[in-house]
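Shared between the two complexes below is subunit A, which has subunit B as its partner in the first and subunit C in the second.
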Partner chain A sequence: MFKNAVFGQYYSTDSLIHQLDPRTKIIGSIVLFISFFMYNDYRGYIFITIVLYTVIRVTEIPLKYILSCVRFVLMLIIVTMFFNLFFRKGEVIFTYKYIVFTKEGIYAAFLSGGRLLNLVIGASLLTLTTMPTGITSGLECLFSPLAKVGVPVGAMAMMISIVLRFIPILFDEFHNIIKAQTVRGGDYESKNVIKRLKSLLPAMLPLFVSAFRKSNELAVAMESKGYQLKSMRSKMKPLYYLKEDYVAFFCIVFYFVIVICL
Partner chain B sequence: MSIKIIDLCYRHNDQRDFFALKNINIRIDDGELVGLIGHTGSGKSTLLDNIIRIKKPTSGEILINDLNIHEKGFKVDRLRQEVGILFQHSEHQLFAETVYDDIAFGVRNKKMLDEKQKKAMVYEILELLDLDKSILGKSPFELSGGEMRLAAIAGVLIMKPKVLLLDEPTVGLDPAARKRILNIILQLNKKQNITILLVSHNMEEIAEVTSRVIVMDKGNIILNGKPEYVFSHIETLEKSNLRAPQAAYVIYLLRQRGINVRSDVITMSDAKREIISTFFKEGG
Partner chain C sequence: MSSKEERNTNEQLKKMTALAMMSAIAFLVVAVIRIPVILFLKYEPKDVIIMLGGFIFGPTSAFVISLVSSVVEMITVSETGILGCIMNIISSCSFACTAAFIYKRKKNLVSAISGMTIGYVFMVICMLAWNYLITPIYMGYPREAVAELLIPVFLPFNLVKGALNIGITMLLYKPIIITLRRLNLIPKRDTAKPEMISKKVIIGAILLLIVAAIALLILSK
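And then the complex of A and B:
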């Protein structure tokens, strides 16, 4: 059903989390990220997982969709769990031929696999619930104090928003190029990895050419509309903190305190 | 080569209820030049993708020379060889270092052919398209827009396809290059007997070269017949955000005013002739 789900692509619902200010969500994500590395036992893991899945419930995004987005890390999680499971010394539970299962190994495997899965899901939550433009203006706002010490915050935000805007366009174009070359005998469906990698090169070239052409066109278009790097720009959707944001902030702080205490 | 499409339905993976193609039935006979029109999002490109097996139909069959191309055991290589497709803005898909390499891309892995034969094939295509040999050593990115498009067409023709699917081959070109490409399309169809499916938003073009027109709207086929028949349904076309060629409008308006001109006129040159002969008759 969600075969084409792309990692972190915005998923539109009317949930409370979608309506929060991007700044709140960015800070929330950072706190969530830090918290993933603050626990070492199962209690912390269970607590964080419960919180994470509650947040997902609130976003009204189907869990199936999120899981299909993160399916690409499945292999990584399996490998991590595998190494933890078999290469840890400790109290032996049972052995099968040369394979030794230890209590510590099983424990570590579940903890590290779960941590990795939570991490990826947590990372995708921000972009799933916030439009790219929202993230950019949120970042711009959060980093605006740095502008006083000469960091070009506005330009960086513009750069990020241009990058985000072009990803789907270039993705589409790449898809079209692959299609065109497949039909002309390009080998993209071969099971031989080296063959497939080799055929990627002719696809990358037109993509680069087109990216340069597009960036050139965009630069000319921006200049002709009077874009200047240092001028102040107003926003179409200015950011305002609402009551919900303060409540969310309170929840974030509360969550962080509990994680520290655990 | 003939194309038969039977009860074809297609739904994108991530969409549950929306069908991009609904019960499409088309039959294109060997040597036909058929136009396919429809506004953006009507399902034309999805249909082409299904015909070349880039997309798999949700249900239904596509038979090329009576072989089901989506059946297990069907040789995709053969399909790639015999059905050529020119995508929209094909000049953006050129990639090789030289025009020669780009044109020869389709035959580079053919073991039965030696370099000499491959070279002969490239030269043959150049002649067919009336392109100068001096462009072969150039980078494809140095060419003009029209030449780039022709180089892309050459890259498709080198495979010697028996069916050609052309997705807006003239879009964005100047009138001279447009005319040149239309002439080539006609030649390929008449002289080499290649079956052609031409997608275009330019109704004049469709009226001029095709022998049959298929109109798509929201994944359905709403009209299918001779250009004169299709373009006489001006109201149906306008309902699906399309229009008829200018000449058909002129004739339509004249007839509405009670002037008795033939209704099956769709090209400018025919309209001119028809109007002169009618008025000459009436006047004199």
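And then the complex of A and C:
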């Protein structure tokens, strides 16, 4: 999973949404994100669920795959539902020993559970349909006005690209170090948290040294190729707005208006 | 371009790649070492790396590392989206930036420990406040329920997390810094380091956060 950080959670299909400009998708997902917090009853909930389902169908990613991606937050959803179930006061439906089930509680539990599930799916849609490099250049474009007040947006985007590039390399490095230390008697499988943390030091030290060596080499390589922090850089894959993007923007605005009206 | 300026760019570039590497290590640490504590709260020693970055390069660098690694997490493996990313940044920064700021003014063991302690307290307060603000919106709990959860769940979790962070940082800092200095991989203690972001921007960002918090409070009433 982490070995291919360059691909992230990207799921490749040829759908319309995959071909959209990353900027459009970022704005779309922010709008989607805001819209989750705008409704308070079941009507908005059903509407948003239908929209989300339609979007998933358009992306041609199997629903099963998306659900398998969000299984890590299942615990969170269950806890949320649990707390909503028991912390609401209202009309009592039935009691079982000390536990009181109220109408409002059950309603709130389903609403919040569904909302959280929607939220998580909505958040992962962006990463499923866009490569991390695409999101990075999209973010760079969207935040470029901040460069005027002194925020080094270009340098930040460059750093994100470097991180994405070097995660697999450092990952391999880290595994090798762990193996080498295990051979020398290091304990990395122990259930004891203290023991595991103690064995961290002999693994972190070589990792830091090799990472800093790599970073210095990278700096020299970048400088010799003429990279400068404050200069304008052209892109290998510049972003263009196409007809589809305008249509998508129209859809996003339309959707947002409906959510506000609802 | 004068030679001094040229050296400056070189230093800046070196610092940028080093910060990027530290972000990569922070990401790696999150991916490899995850210790579940209670409920959905997990301990990850990411703040340790950010703290080390803050001690080596200064408070703004700690901010940059936490920002970059959180964004990378958001666009690759995270499921909680933008809100999770923001919470991540706030939690790391309130701890690491405070401590690094205090350490930067006077570089010795006492100020390092006092800085980390102040950062620790600050982080706990920050996290309690933001959990109180955001969790009701995010999960749809009633606010009273979250208020009841704050003391038994969020407070001990953040206390344990912060204490572990301080402990591991103390353990790692000296050996790592000595090794790196000896290998000439980081600049010696007394060289002036160019900052990537001006102080105004940082102050602006903090003000923005405070305004956002107040707005949230008013909106959720």
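One rule holds for everything that comes next: the second predicted complex is superposed on the first by the 200 of 262 C-alpha atoms of A that agree within 3 Å, B and C clash if a C-alpha of one lies under 4 Å from a C-alpha of the other, contacts with A are read in each partner's own complex, and residues count from 1 in each chain.
Following the convention adopted for this analysis, contacts are C-beta pairs under 8 Å (C-beta built on N, C-alpha and C of every residue); 3 or more make two chains touch, one makes a residue touch a chain.
Quick caveat: nothing in here was measured; it's all calculated off a predicted structure.
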First (subunit B), second (subunit C), both or neither touched by A:F166: second
Residue contacts on subunit A - larger count, subunit B or subunit C: C
Subunit B versus subunit C as contact partner of A:P132, first or second or both or neither: second
First, second, both or neither for A:V257, with subunit B first and subunit C second: neither
First (subunit B), second (subunit C), both or neither touched by A:E223: second
First, second, both or neither for A:L242, with subunit B first and subunit C second: neither
Subunit B versus subunit C as contact partner of A:Q181, first or second or both or neither: first
Partner chain in contact with A:V209 - subunit B first, subunit C second, else both or neither: both
First (subunit B), second (subunit C), both or neither touched by A:I50: neither
Contact residues common to both interfaces of subunit A (with subunit B and with subunit C): 1-2, 5, 205, 209
Complex contacts: residues of subunit C adjacent to subunit A: 9-10, 12-14, 16-25, 27-28, 31-33, 35, 39-40, 45, 64, 67-69, 71-72, 75-83, 137-142, 144-145, 148-149, 164, 168, 171-172, 175-176, 179-180, 183, 185-186, 196-198, 200-201, 204
Subunit A residues within the subunit B interface of the complex: 1-5, 173, 176-177, 179-186, 189, 202-203, 205-206, 209-210
Subunit B residues within the subunit A interface of the complex: 12-14, 16, 49, 52, 54, 76, 80, 83-85, 87-88, 90, 92-96, 105-109, 141, 155-156, 159
List of subunit A residues in touch with subunit C within their complex: 1-2, 5, 8-9, 29-30, 33, 37, 69-70, 72-73, 75-76, 79-80, 83-84, 87-88, 108, 111-112, 115-116, 119-120, 122-124, 126-127, 132, 135-136, 139, 149-152, 155-156, 158-160, 162-164, 166-167, 170-171, 174, 193, 196-197, 200-201, 204-205, 207-209, 211-216, 218-219, 222-223, 227-229
